[in-house]
Amino acid sequence: MASSLILQAKNLTKIYGENVIFRDISLDVRKGETIVIIGPSGTGKSTLLRCLNLLTRVNSGQIFLEGREITAPGTNEDQVREQIGMVFQNFLLFNHLTALENVMLGLTKVKKLPKEQARQKAMQELSRVGLADRAGHYPAQLSGGQQQRVAIARALAMDPKVMLFDEPTSALDPELIGEVLGVMAQLARDNMTMLVVTHEMGFAREVADRIVFMEKGSIVEQGAPDDLFERPQHARTREFLWKITELYGKKEKP
Amino acid sequence: MLSNFLSYIVQGTGVTIAVTLIALPFGLLIGLLLALLYNYGNRWVARSAGIYSLLMRGVPPIVLLFILYFILSGRLINLSPFWAGSLSLGLVSSAYQMEILRGALAAVGAGQMTAARAIGLTRLQAIRYVILPQAIRLAIPPWSNEASIVLKDSSLVYALGVPEILRRAQQLSATTGQPFLAFGAAALIYFCLVFLTNRALDYLAEKTKLPTQPV
Amino acid sequence: MKRLWLWFSLVLVLSLLLASCGQNAGGSRLKAIQQAGVIKVGTSADYPPFEFVDANGNTTGFDVELMNEIGKRLGVKVEWVDMPFDSLIAGVQEGKIDAAIAAFNYSEDRDKVVDFSDVYYTSEDAFTVVEGSSLTINDPAQDLLSLKLGVQTGTTQDDWLTALVDEGKLPADNLARYDRVDQIALDLKNGRIDVMMSDAVPAEALAKQLGGLKVIYKGVLSSGPMNIVLPEGEADLAKAINEILAQLKAEGFIENLAIKYFAE
């Protein structure tokens, strides 16, 4: 745990009108760490991710990327987002571009790589998610799982310092979830720094270095997966874990 | 003599096409700008664009033609009847094209913008490389409709004395006393022009259609 | 984006300001025309024989030839601008054209916004019968109703008689329409019709040419005196044109034109 801080959130608060989404959240993300954020729906987990790469503005608090404050006025937000990859629940591939072009777009337009170089890099990333043979396919020609893997490749191509996953498997049919989680687990093994919001408890337990439990806009507790799953400190954590295992139990039944 | 007359009407086709070729792209340029302001500008900008659209669509095209030619032209800028007519039709069309495009932009969805920004594209880059290519595909069918309307509305410039198809047909109807022949010929030419335009745009839509079939 | 919109509104406001204060700054239109060497004249070339497009696509007709002669005597070239009739007054009013000639009749409403030249032609109607006929016409709208009438298709006389038919006063069978005035004259001589209704100028010309015919009534029924429409308050231009019109009348130029266009 001596590795350096990549992303640091200090006392973040987000309010929409009268609605407090989250209040006073602080979180440190170290290099190579995989953090899984769990918690009931509507507790501000997704909004937190969107705030971390500045897609949404926090009302107060500070965010640091490798020690530099990115919430400071005058920050080039586009440069920040280039360094923070994001994967969305509903994939959000560019519908008019092939898988390869989806991955290439950021390389040619943001990183300004020459086309040929961008193509090679994009093919590498597609291979990494196991979709080199689908390079010429349009999103509508791909399954949900394949689309999400292309989306992961698109984010990886920018060589991000940290990857944010916003419920990456929630929109997938059950039989397609595995291939996406497989790619994510491999990324974790490759020491990618990852912040994952998910309801996949199996994945959380197996892959995460740290679990963060969020409820009603604040972090209730966090810790290593075994500690948190086996010995939760708070009643609310226990309750949530009980509910979600019951849910999964039901799901398992034929 | 009859073939002379018919060729006289056909000569008006060039004017009709020229008016359309000025009005449509001019309207597209302004319409696109306004649609972008409407969808991505702040509240006041968006509201102003909406009011512009409302005004332009609420005024009969012929009235705008008269305002631009008889009232504004000569005081601000010197516009020939041809240009005054073409630009007025372009202004009217810009409001309709704005509506088409802002519908198309909205249909592309906010998610595409979010995804584009997430990989570090600027707002303008996102619009240019992600939003517009999709919006324009969606806009082609309704735009084809608008192109036909502008083509037919181009006959309004006759009111400023631009000798396009309709005006020539009127003159010949008066001279020959054969209104059926004169207006029939005009109708046939308009039909051919609209038909060809629609076919060309259908072809374009087909060409740019994204594959959906799994391979 | 904000800045762009600011520019946009600035241009708009500027345009409106300019529009409100840029009115024509007086001066003699006649001088401007003579300096340019061109007078722009509007007409509506869909009203034969006064103004129409011939088989070669040229604008011609009674009014057109008259105005060309006026231009020649002013020492300038006439540039013809064809517009729908309804746009002509606005065109003169807003200075898009220097004058308009299109068989305009004087009207008080129009006089409020434009000026009129002196009358250049009064389209008088005439009733013609065979020599030796004892027919007399005092009140055309009454006296004609039982007679067989001939008229040229599409003329103002045709409109006037057709209105009588539509009102149910004149039996439709009593009205015969012809393509040309000389055809009417022939049928008149052959006794197929009793009376020919036409413009007075060609009627008298025909009576002289063919012989055996006489004009028994002349009067303004279907049309009226015609004036050239001129811009409001341009006295110099009006004076110059009125002088030329007086010359042309005195020389018989206008009467010859009338025979040329209304008798065939």
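Observations
When the chains are written out, they are named A, B and C in that same order, and each has its own residue count from 1.
Basically, a contact is a pair of C-beta atoms (placed from the backbone, for glycine too) under 8 Å apart; a residue touches a chain by one contact, two chains touch by 3 or more.
All values derive from a computational prediction rather than experimental measurement.
Taken pairwise by the contact criterion, the protein chains link up end to end in a single open path, with no chain closing the loop. Put simply, the chain nearest the middle, going by average C-alpha positions, is B. With centres set at the average Cα position, the gap from subunit A to subunit B is 45 Å. Look at where the CA atoms of subunit B average out and do the same for subunit C: the two points lie 38 Å apart.
Put simply, the C-alpha centre of subunit A and that of subunit C have 83 angstrom between them.
Counting partner chains per residue, subunit A shows two or more touched chains at no residue at all.
Multi-chain contact residues of subunit B (touching two or more other chains): none found. By the touch criterion stated above, subunit B contacts subunit C in their complex at residues 1, 4-5, 8, 11, 37, 40-42, 44-45, 48, 66, 69-72, 74-76, 81, 158-161, 163, 167-168, 170-175, 177. Across the complex, subunit B is touched by residues 1-2, 4-5, 9, 15, 18-19, 22-23, 42, 45-48, 52-57, 81-84, 86-87, 90-91, 93-96, 153-154 of subunit C. By the touch criterion given at the top, residues 53, 55, 78-79, 81-83, 85-86, 88, 90, 92-96, 105-106, 109-110, 137-138, 140-141, 151, 154-155, 158 of subunit A touch subunit B in their complex.
Interface residues of subunit B facing subunit A in the complex, by the touch rule stated above, are 111-112, 114-122, 125, 129-130, 133-134, 137, 210-215.
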